[in-house]
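Below, each structure is written out as structure tokens.
One chain, subunit A, appears in both complexes that follow, with subunit B as partner in the first and subunit C in the second.
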Partner chain A sequence: MPEPELIEIPMTVDVPYRFSAGHFMGRFLTELRDNGTFFGIRCPRCGRVQMPPRVVCAVCHVPNTDWVKLGLEGTLAGFTIMYLPLTDPTTGKPHEPPFAYGSVRLDGSDSVVDHLLHVTPEVAHIWVGMRLRAVLRPQKDRIGDLSDIRYFEPLENQQKPEPKPSRKEPSDAR
Partner chain B sequence: MPVEPFLVDQRITAQSRYFAGKTGSRFFTALRDHKKILGVRCAACNQVLWPPRSTCFKCFSPLSDSDLVEIGPHGTLLTFTRVHYREAVHPKKAPFIYGIIALDGADTGMAHFLDQVDFETLAPGLRVTAVFAEKRNADILDIAYFKPLP
Partner chain C sequence: MKRNVAIIGGGQTRHAARRHDVNQVELVNEAVRAALEDARMTMEEIDTVLLGNMEFFEGCHMTDCWMADGSGAYGKPGLKITTGGTVGATIVCAGAHHVASGLFDKVLCIGFEKQEEGDTGAILSGVAHPLYGRSMAGAAVGYFAMMATSYMAAWGAREIHSAMVAVKARQNARKNPYAHLKLDITIQDVLNSRMLAYPIRMLDMCPASNGACAMILADEKTARDRCEKPVWIRAMDSAHNEQFELDWRDVTTQKPIFSKVSAARLYRKLGVERPADYFDVFEIYEPATWAEMVWYENLGLCEPGEGFRMIEKGMTEIEGPIPVNPSGGVLSTNCIGASAMLRVWEAALQIRGDAGEHQVPKPVRRALTTAYGGTNWTVLMALSAAARD
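Entry: the complex of A and B
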């Protein structure tokens, strides 16, 4: 008797949604869309600059007050190379792997923003401490969400530093 | 500086592939190829379950292909609701009606669409029958909807 046919059912759940960005993210996204600039916000108690801005300082829980204009350049604080597709919440479409995704600390900010890195997705080409610059959509195409940042690209003339010699050679001994 | 209210539109699209399993595959191929609806009889409980499954949900008896029985296509409406608003998780544009239908020969009900029916006079106990899709793909929408028996 032949094996009975086995059935697989492809399913797609497509959920569009809308959220109110609120007072602080609203200003952040408006500045990004209209002027192509990033704004963070400084905690009046600890002086920490958060970007994207939030109503209260995540550490002190006091209301944030001082807006700080930040540049487009920053430093890579961490990264991952994706070998699986990742759904982009701004489009609902997956990014095709492999690609690099990283946390970038903009100059003058104490927090990081996670975004795509426009680099060869190999460890030899990416390192923590790498200097990066945000590449934005042209102004006429900007819509006021994080997809207005196309990606972060490396600044010119950088070399991945040589790894520091480790104190101990790795060993298989248990 | 006054700030305009700012709304952000985003979307999540999740692709998945559901494996119907051995028993579920028999159910879907019977629908697609023969317009037959299969249930499964649990001999221990003396109950016919719809949709068919490989384990009885009451007594956990293993069930096999030899326990499959043809049920329907007529049945009885157990309960229903009307969806008034459109939402991404619903496969149809609102308004439409979901019913729970106990097919003749089955002891459990299952949710499906009701159509060609007057919502105002709808009541549990209504006799209905399955309307099969012209083009069938071996999924649950091979039954397009249930309609009242004349």
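Entry: the complex of A and C
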């Protein structure tokens, strides 16, 4: 028998979903939509403030009860500058590269939120520890979704700190 | 463990970016046949088959059902297991528990992935919560880029250090006939490669591979009767993290995160005080260069913040005192559903002395393997040449 032709069959699977936000995420999203505020929830045992709010503290496994109103400002805990046209899975459209995004810890929260950073996408303009503020959609346009946060922008009058003391450049021994 | 468990055979496919010469079942069967041949067994002798891969990467659910021919599961009890990137090790763990409990004597474990058939980035985004953070969750590269910026800011490491990890992996892979990326590269090549997500460049990331791995586990009597060089599973541990938290990406976190918790528990089971001395070789799950340096620290091979100095000093080279990933690791081959099993299988080959050109030159008696995946989950396994060690 001759070698078979190696064929491939293209196919697209498109599945619609409807996700329930539930009690805790539901309140978080409606507060964001209606009042432009972030809410976390404090564990009654360990005191950890978690955002988004959730049914129990994963560490202590006790029900979370204590709602905590958080501000719009926070600190950058980690970031990247993306050079790939990453598809936004919630819209199916690519984010235009290069763009910066990072993990922001809101003041008073132990958690972070990952979002776009409204900065020049260059290392000189972004650093771990940078102070940021959430910029929301105008109230009339908010829909009760994390996309109601347009981006985080830097607070005024900040300077990137000097890098850690540099060490001797290791040579390429290979 | 109630009964001792040994690895009595295994096998892997040729791993590559393109394997359109086989379909999914044929790919799995390639590894199954290699494992049976290695163990000198026939399918009739296998009691049960455990199989796993990444959920829906290939667009198929219940792969255990419709692969029953190629996997050998026809007419046998079995399970499909899926735990994200850790799945390959979870399957071995589950197999070992089935043997240790006395339920079965001979278990065939299979992990596979045929990434070319689907859209890895699209399906991976389904790992993120649908209502919180998914819009930024298109690729693993961004996740590890954040770990990298955290690591650089905290410890003063630089891109050259991750480049050293990248070179070590691909130079080791050149000695491994099954590896996907066998690249003769230098540090400068890595630093010149395309920036994907600062500071991660093309050569800092794992490839998207197609491939499978299969392993046969057995009880002590079968192992001693049937196998010249059984490799014993001495201890296993796994730990979950919660979602929504930075954890592995914040290298200074004081939280008891999965990797440290699991290592501490496993070391306690075995009475390990100095893991770098106790184990002779490590096969770890490093989808990106920076994750390798974080693993060194989380496993206690060095102090926090010292991981980049270990690679700088060449301590984890094949010839080094603490060899890590002589196979080339996940950075050289990432057929995800098989990747964590490949860590265990490659460690077993090292203990058998059968790793060929990438065999560690020093005597290898004990090995430690890690897995990584899911919402920050790991599965660790300690292997030994001796059942009672």
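Following the convention adopted for this analysis, the second predicted complex is superposed on the first by the 147 of 174 C-alpha atoms of A that agree within 3 Å, B and C clash if a C-alpha of one lies under 4 Å from a C-alpha of the other, contacts with A are read in each partner's own complex, and residues count from 1 in each chain.
Note that a contact is a pair of C-beta atoms (placed from the backbone, for glycine too) under 8 Å apart; a residue touches a chain by one contact, two chains touch by 3 or more.
Since this is a predicted model, take the numbers as computed values, not measurements.
S.K.: Applying the touch criterion given at the start, work out whether A:A58 contacts subunit B, subunit C, both or neither, answering first, second, both or neither.
M.R.: second
S.K.: Looking at A:G74, would you say it contacts subunit B, subunit C, both, or neither? Reply first, second, both or neither.
M.R.: A:G74 contacts neither subunit B nor subunit C.
S.K.: If we overlay the two complexes on their shared chain A, which of subunit B and subunit C does A:D145 touch? Say first, second, both or neither.
M.R.: Touch status of A:D145: both partners.
S.K.: When the two structures are overlaid on chain A, which partner does A:T90 contact: first (subunit B), second (subunit C), both, or neither?
M.R.: It touches subunit B and subunit C both.
S.K.: Mind working out whether A:G40 is in touch with subunit B, subunit C, both or neither, as first, second, both or neither?
M.R.: In the superposed model, A:G40 contacts neither subunit B nor subunit C.
S.K.: Looking at subunit A, does subunit C or subunit B touch more of its residues?
M.R.: Result: the larger residue contact count on subunit A belongs to C.
S.K.: Where does A:E5 make contact in the superposed view: on subunit B (first), on subunit C (second), on both, or on neither?
M.R.: So A:E5 only meets subunit B here.
S.K.: Pick one for A:P16: touches subunit B only (first), subunit C only (second), both, or neither.
M.R.: first
S.K.: Quick one: is A:R27 in contact with subunit B, with subunit C, with both, or with neither? Answer first, second, both or neither.
M.R.: first
S.K.: Need the overlap of the two footprints on subunit A, from subunit B and from subunit C, as residue ranges.
M.R.: 6, 8, 11, 13, 17, 19, 21, 25, 29, 87, 89-91, 145
S.K.: Can you list the residues on subunit A that touch subunit B in the complex?
M.R.: Per the touch definition, subunit A meets subunit B at residues 4-23, 25-27, 29-30, 87, 89-94, 144-145.
S.K.: Please output the residues of subunit A touching subunit C within their complex, sorted ascending.
M.R.: 6, 8, 11, 13, 17, 19, 21, 25, 29, 50-52, 54, 58-59, 77-84, 86-91, 101-103, 111-116, 123, 127-129, 145-147, 163-167, 169-170, 172-174
S.K.: Going by the contact rule at the top, pick out the subunit C residues touching subunit A in the complex.
M.R.: Against subunit A, the touching part of subunit C is residues 20-21, 59, 121-122, 125-126, 128, 130-139, 141-142, 145-150, 153-156, 160-161, 164, 167, 171, 186-188, 194-198, 200, 242, 244-246, 249-250, 312, 314.
S.K.: Quick one: in the complex, what on subunit B touches subunit A?
M.R.: The touching residues are 1, 3-20, 22, 24-26, 28-29, 65, 88-89, 138-139.
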